[in-house]
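Chains: A, B, C and D, in written order; residue numbering restarts at 1 for each.
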Amino acid sequence: GTKSNNGTKDNTGNGTEATATPEATATTEASGSDQYEIALITDIGTIDDKSFNQGAWEGVEAYAKENNKTYKYYKPTEKSDEAYVTSIELAIKGGAKIIVCPGYMFEVPVHTEQAKYPDVKFVILDGVPHEEGSTTADVAANSYSIFYAEQEAGFLAGYAIVKEGYTKLGFMGGIAVPAVIRYGYGFAQGAEYAAKELGLAAGSVDLKYTYVGNFDATPDNQAKAASWYNEGTEVIFACGGAVGNSVMKAAEAAGKKVIGVDVDQATESDTVITSSMKNLKKSVSDALGTFYTNAFPGGKSVTLDATTEGVELPMDTSKFAKFTKDDYTAIYDKIVKKEVTILNDTTALDKDGKVIADASGLPLENVKVQMVK
Amino acid sequence: MEYVIEMNHITKEFGNFKALDDVTLCVKKGEVHALLGENGAGKSTLMSVLFGLYQAEQGEIKINGNPVKINNPNDANNLNIGMVHQHFKLVHNFTVLESIVLGRETVNGGFLKMDEARKKVVELSEHYKLKIDPDSYISDITVGMQQRVEILKMLYCDNEILIFDEPTAVLTPQEIDELMKIMKNLVEEGKSIIFISHKLNEIKAVANRCTVLRKGKYIGTIDVETATRETMSEMMVGRKVNFNLEKAEEKLGDVTLKVEGLSIMAKGSHKKVVNDVSFEVKRGEIVCIAGIDGNGQSELVYGITGLMPLQSGRIEVNGKDITKDSIRKRSLAGMAHIPEDRHKHGLVLDYNLQQNAVLQTYFEPRFQRHGFIRFDAVREYARKLIKQYDIRSSQDENSITRGMSGGNQQKVIIARELDRDPDIVLAVQPTRGLDVGATEYIHRQLIKQRDNGKAVLLISLELDEVMDVSDRILVIYEGEIVADLDPKSVTVQELGLYMSGSKRKIAN
Amino acid sequence: MKKQKFELSKGGKDFLASIVAIAAGLLFGLIILLFSNARQAFPAFGMILKGGFTDGLSGLAQVFYLSTPIILTGLSVGFAFKTGLFNIGSSGQFTCGAFAAVYIGVKWTFLPGGVHWIVALIGALIAGAIWGMVPGILKAVANVNEVITSIMMNYIGMYLVNILIVKYVYDPIKSQSVPVAKSAIIPKLGLDKIFHSNNINISIFIAILAVIIIYIVLNKTTFGYELKACGLSPEASRYAGINAKRNIILSMTIAGALSGLGGGLLYLAGSGKYLQVLDVLAPQGFNGISVALLGMSNPIGILFAGLFIGHITVGGNNIQLYNFVPEIVDIIISTIIYFGAFALLIKSLFDRFRRRPSEAAAVKEEK
Amino acid sequence: MDILYFIVQQTMFFAIPLLIVALGGMFSERSGVVNIALEGIMVMGGFFGIGFMHIFESRMSGQPLLLLALLVAGVSGALFSLLHAFASINLKADQTISGTALNMFAPAFVVFVARMVQGVQQIQFKDTFHINKVPVLGSIPVIGPLLFQNSYVTTYVGLGIAILSGIVINKTRFGLRLRACGEHPQAADSVGINVYKIRYAGVMISGALAGIGGLVFIVPTSTNFNATVAGYGFLALAVLIFGQWRTNKIIAAAFFFGIMKTLASAYSGIPVIRDLPISNEIYKMIPYIATLVILAFSSKNSQAPRAEGIPYDKGSR
């Protein structure tokens, strides 16, 4: 398997949600011409990967269909700035007027292309254009950058699960990319917050915390999750694309619970108690809307959070017994009103004012983080 | 007709090369029918056609008077034809029993029923006095025993027509005698045998009639009893052959090869296959190590040439200790090696003739400059050898050696080794499987070497060769030198006794 | 080996067989295209054929960029093939080479501009060589099958590099390696201006140089003579006093160095490619097997095979304009490789057309 | 004790697919055909097996569905392997060629077809196969929790295949003939055995088992199939060589690997190992390093089939 070893990075794609794509092929018929106005460049994953790619693609699709626009996605040959640039140019050749670029890997390529093609609009998710080697944001008038407050989504999940009565938790990230880290930090802080509220003793909530090193469903990941469950872990926040499929598998065998990520994964497995969501779909669709209504917020970089309903738990499909909708609304409110501070990957600092190395550096009392390295 | 086999007007082509050209062979029931011919005459090919391994382009085969089509060995088997191949067809990690039943297994719902087979094999081996151990692995038994296995394979499926393709090439005199007896037994029981051999005395001893082939053509069939060796060999090669080797008196010089207390362990076991062997070879003499195959002679040579590690002992060439030297250094010290297995060791079969011609010398300044091969020099050198040693092949120096005939492959090796002007030549069965002409040629080369004041250590299983060529005979038995003899004062029978371990005599 | 007067040389027949295989593979690709979307099949097919020539010089730059690493891994696999070894460990060697290059590129900034990238590439070469040497040593000393050790070394290399990346050159914000210093980027010598692309630099010439060196080593030197002899007949080589063990080790080491160099060239290309901490074996190593097979293990053949695969990969990327998945290119390439298996058949058919008395031997050659 | 049970149960998920596929490889290689296409064949088997489940899970469920899917996977693997057989037996091609081609073809083909048929690359399946506890057997002390709890029927299928393979190779006529073809095809041919047929059989069995192995690999460890078996085909190849092409050693090698992999993933749950200051990545490396070390000390006498990789040509001697 030359290719099977090449296993794509973000290939999750738990199923049902992914029904998005049949229509994707339908675009061919929709367009007699070979011109597609809206383009999405996938990172090396696919448009059904349950992550940026899929969420963003759903947004593109939702908007385009509703407004009868032509749309299409392009897949780069590899993961490198130049390959992304090539794909962007291919998309422009294919008639793209606005290009959605999901992921921070697009920061440098979009920076290059926003200057080269001032007439084309760029929406970059989870990243901000900047020059190679620098970190100073340089959002041109034809670019719009969107971040998400994953830490808030993670916080909601952590809070809810401890409120629900669980105290033995696990966090299994895919790879320690910024978004995954933010989810994880938020999750720990949410658990802490709930434990405090419940007046639990210090160190009474266990949190096993790891990054498995891939975004794949593998026996290794399944075994790792199974071993956690076997040790007593009650619920694992599976935060890494297809890693979730392996965790769910282990949960099914052990009769334990899983928290989904990014999108609502309730239909994936009965073990999914809730999902820690960020609203990719809506944000992309909204961004496209601004373009067609000539209100493209070019030059801006925004972070979508609770205040803009950028994050949520799907309470309708969640299988909580104790944690109620009212509890949810109450905590959501507090987040919106900034009554709780949730540290993220750049704001969580140690005593020396440096960014903490991992979750064990978070200022927690009730939650005992056990880093599994 | 009373013929069990009639092969009429058989023509077989490989590509556009006619290996058999209108050949006829008729075998009577109950006879030993010899098939005689030089290397490459087409004997094996003819038998392969009869056995269904090859299909002839033309001609017909009749068995017991009925025309038959033999498309594969199964057909042959159904016609009760069995064959012992020139190169044994045995699986190294099968037991004797498994080897015998392969292809004719008795089964119960696909499962092997070995007990029944074992009974039959044991019976057969007792009946025909073919001693074997059914549970030994093929790789652990001697060549002689392997041959018995091959014969049992034929008998096991009640074959009536038995083909022996050069069965004696690998046997000791005693084993050959035994085989002759077995063949006579078989014939007495009404079986018919086709017997291929280059050795006229064997044919004289056992065959009733003899068919001669030359270069794929049928020459004639004669009655063995009335024919002389001379007529037979003349039919075979198409000219008169001189059987007597002329040898000048030896003129001994300094010791060239000195071996002291050499012991070698068998691979993967704790048995000494060579045990405390000491001897010397002087300039101007041909010393022959005689012995039954498997008594340590191969290992002894591997030890001397460096292909196998020594357990203890010391080796000197021209007074210089080479015990710890690499193979390359030994070769540079003046040692040449004509290996036992020309396909495995002697040649890189997929290299062409010129590449093989410099296998031992490619690194010498005359063939390379700063690590770059001097192709012109190599080509010229190969051409010189081809001319000097009369090596024949389809594309001369560009022939891939895999496609060359055995005799010519051997010539390449001999040319290469002797042309290096070595002080000591280790020649291991240099004429194995070669016809009289080629054999004679190689013997002359060895003697020439000796006459030029070089030393030759010859390892041979063939007593004729041992007696004719050597100046001194060392007999090896179970890894030890048990006798140091003068060929002029010892008989073949006596030699056989030493080789079988029933007699010992250390001269010095 | 030597050309005969009245017949095609072995190389010539190999070439012919390759052409037939390529044609068959492309035809199969066309059928797949027609099957999935007949309307756009032909323009898409044309685009695949046009490959790197679609976008003028920048397309060509893209071809060179994609080809360079797989030419080297192909050379690595092919070189080992010639010595009778199957280097399935090219992937791990590639990864180790890539890491060494990036490490030196990031850390050894004290090196002057013109030297830094060279040192980094040498580092890649050495790292790959070490990784190739291990299976070589195990094979020579302990008779361990190199296929299994190479597979093991692939995984060990991958995990080890993962550890090292995080330890030494990690950018935690982006979870990838930090960019190498400008001085470690392989010089473009103005090629980027000519080709209008950032992808291009002199690494394709380095790859060609490697091809030439390997070609000369294999065919013109006594060392190559020894290596090939070891590959064709280990026993006969031993008999001839060739140090087979040393050659096995050297061969694997050189093969590893080539793969390592491939890794270095890719990650120092300045294309914005970074090392990832991923439990996935580098695909370039496995693609090297394809390239080596397609090039029939001949260095020159490997060069063209690598360029060809680069060429149609670019074409495959472009057919996205026609709504086809780029995987079609993989299907085409694998079909071509498969039809490479028909080479013997094609060659003997060819021989049948031009039979001559002296050609019996030519048939034998193929046995 | 619990932790021991857990490790054994978990080991099965790693070891069984490796075992099945390596045994498949054994049949091919002992007939004389090297099969590096195991990875690609696994992908094909996984694809068709899971595809079958996906289509029929609305109509049936539980063990019958799984067993039928295994059958489908086996058949598709066997058919796919015919390509390899044809190239390496009839065309006498270098056996790495078609192996490499198949490895490359399978994932591309699977992605292509999946996308064409359902638009999505991943194929979803519902797991109705997990066995919490086998009735009766699961209650036996020690043995029960070790082997008959938290398992899949595939575990028993795999163990069955292992036993069967040993018997077929060593005790049947077919096995004897297969071994002869892998060691010395001329010898087999000379006693009327059709070497080509036997080699076809060997390759097809390897295809069937690799196909089954592909499915067995996916079912216990994921909820969908995404065109990859994560290099397990190559690991199976390593297990085959590690196991010296012999059934019992392959079983040992597969379980060795399975246990090492389990420890590498689950070490955090094992009290003694957990507290060692060794990082995750190092644990991941351990199975491979251990294999290397063991091989270095145990490979002096390789038992590879002698005619392995050499195309059989009736005319050659």
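Keep this in mind: a contact is a pair of C-beta atoms (placed from the backbone, for glycine too) under 8 Å apart; a residue touches a chain by one contact, two chains touch by 3 or more.
None of the values given here were measured: they were computed from a predicted structure.
A.B. asks: Just to be sure I understand the contacts, which chains border both subunit D and subunit C?
C.D. replies: Both-contact set = A, B.
A.B. asks: Count the touching C-beta pairs: is B-C or B-D ahead?
C.D. replies: Contact tally favours B-C.
A.B. asks: Please work out the Cα centroid separation of subunit A and subunit B, and write it as a whole number of Å.
C.D. replies: That pair's centroid distance is 75 Å.
A.B. asks: Starting from the mean Cα coordinates of subunit B and subunit D, work out the distance between those two points in Å.
C.D. replies: Distance between chain centres, rounded to whole Å: 45 Å.
A.B. asks: Could you work out how far the Cα centre of subunit A sits from that of subunit D, in whole Å?
C.D. replies: Measuring from centre to centre gives 35 Å for this pair.
A.B. asks: Can you list the residues of subunit A that touch 2 or more other chains?
C.D. replies: 1-3, 5, 7, 25, 213, 216, 218, 220 - these are the residues of subunit A that touch more than one other chain.
A.B. asks: Please set out, as single numbers or ranges, the residues of subunit B touching at least two other chains.
C.D. replies: Where subunit B meets two or more other chains at a single residue, that happens at 14.
A.B. asks: Please list all residues of subunit C that touch 2 or more other chains.
C.D. replies: Touching at least two other chains: 162, 279, 281, 286, 289-290, 325, 330, 367.
A.B. asks: Go through the chains and record each pair that touches.
C.D. replies: Those chain pairs which touch are A-C, A-D, B-C, B-D, C-D.
A.B. asks: Hey, which residues of subunit C end up touching subunit D in the complex?
C.D. replies: It is residues 32, 36, 86, 88, 138, 142-145, 147-149, 151-153, 155-156, 159-160, 162-163, 279, 281, 286, 289-290, 293, 325, 327-328, 330-331, 333-335, 337-338, 340-345, 367 of subunit C that touch subunit D.
A.B. asks: Where on subunit A does subunit D make contact in their complex?
C.D. replies: Subunit A reaches subunit D through residues 1-5, 7, 11-16, 18-19, 21-25, 46, 48, 208, 210, 213, 216-224, 226-228, 230-231, 242, 245-246, 248-249, 252-254, 268-269, 372-373.
A.B. asks: Provide the residue numbers of subunit D that touch subunit B in the complex, in ascending order.
C.D. replies: Spelled out, the residues of subunit D in touch with subunit B are 171-174, 176-177, 179-180, 183-184, 186-194, 300-301, 303, 306, 314-315, 317.
A.B. asks: Across the complex, what residues on subunit B touch subunit D?
C.D. replies: Within the complex, subunit B touches subunit D at residues 14, 51, 53-54, 72-74, 76-77, 83, 85, 87, 89-94, 98, 101-105, 107, 110-112, 153, 268.
A.B. asks: Which residues, counting only subunit D, touch subunit C once they are in their complex?
C.D. replies: It is residues 36, 83, 87-88, 91-94, 96-98, 100-105, 107-109, 111-112, 115-116, 231, 234-235, 237-238, 241-242, 279, 281-282, 284-285, 288-289, 291-292, 295-297, 299-302, 304, 313, 316 of subunit D that touch subunit C.
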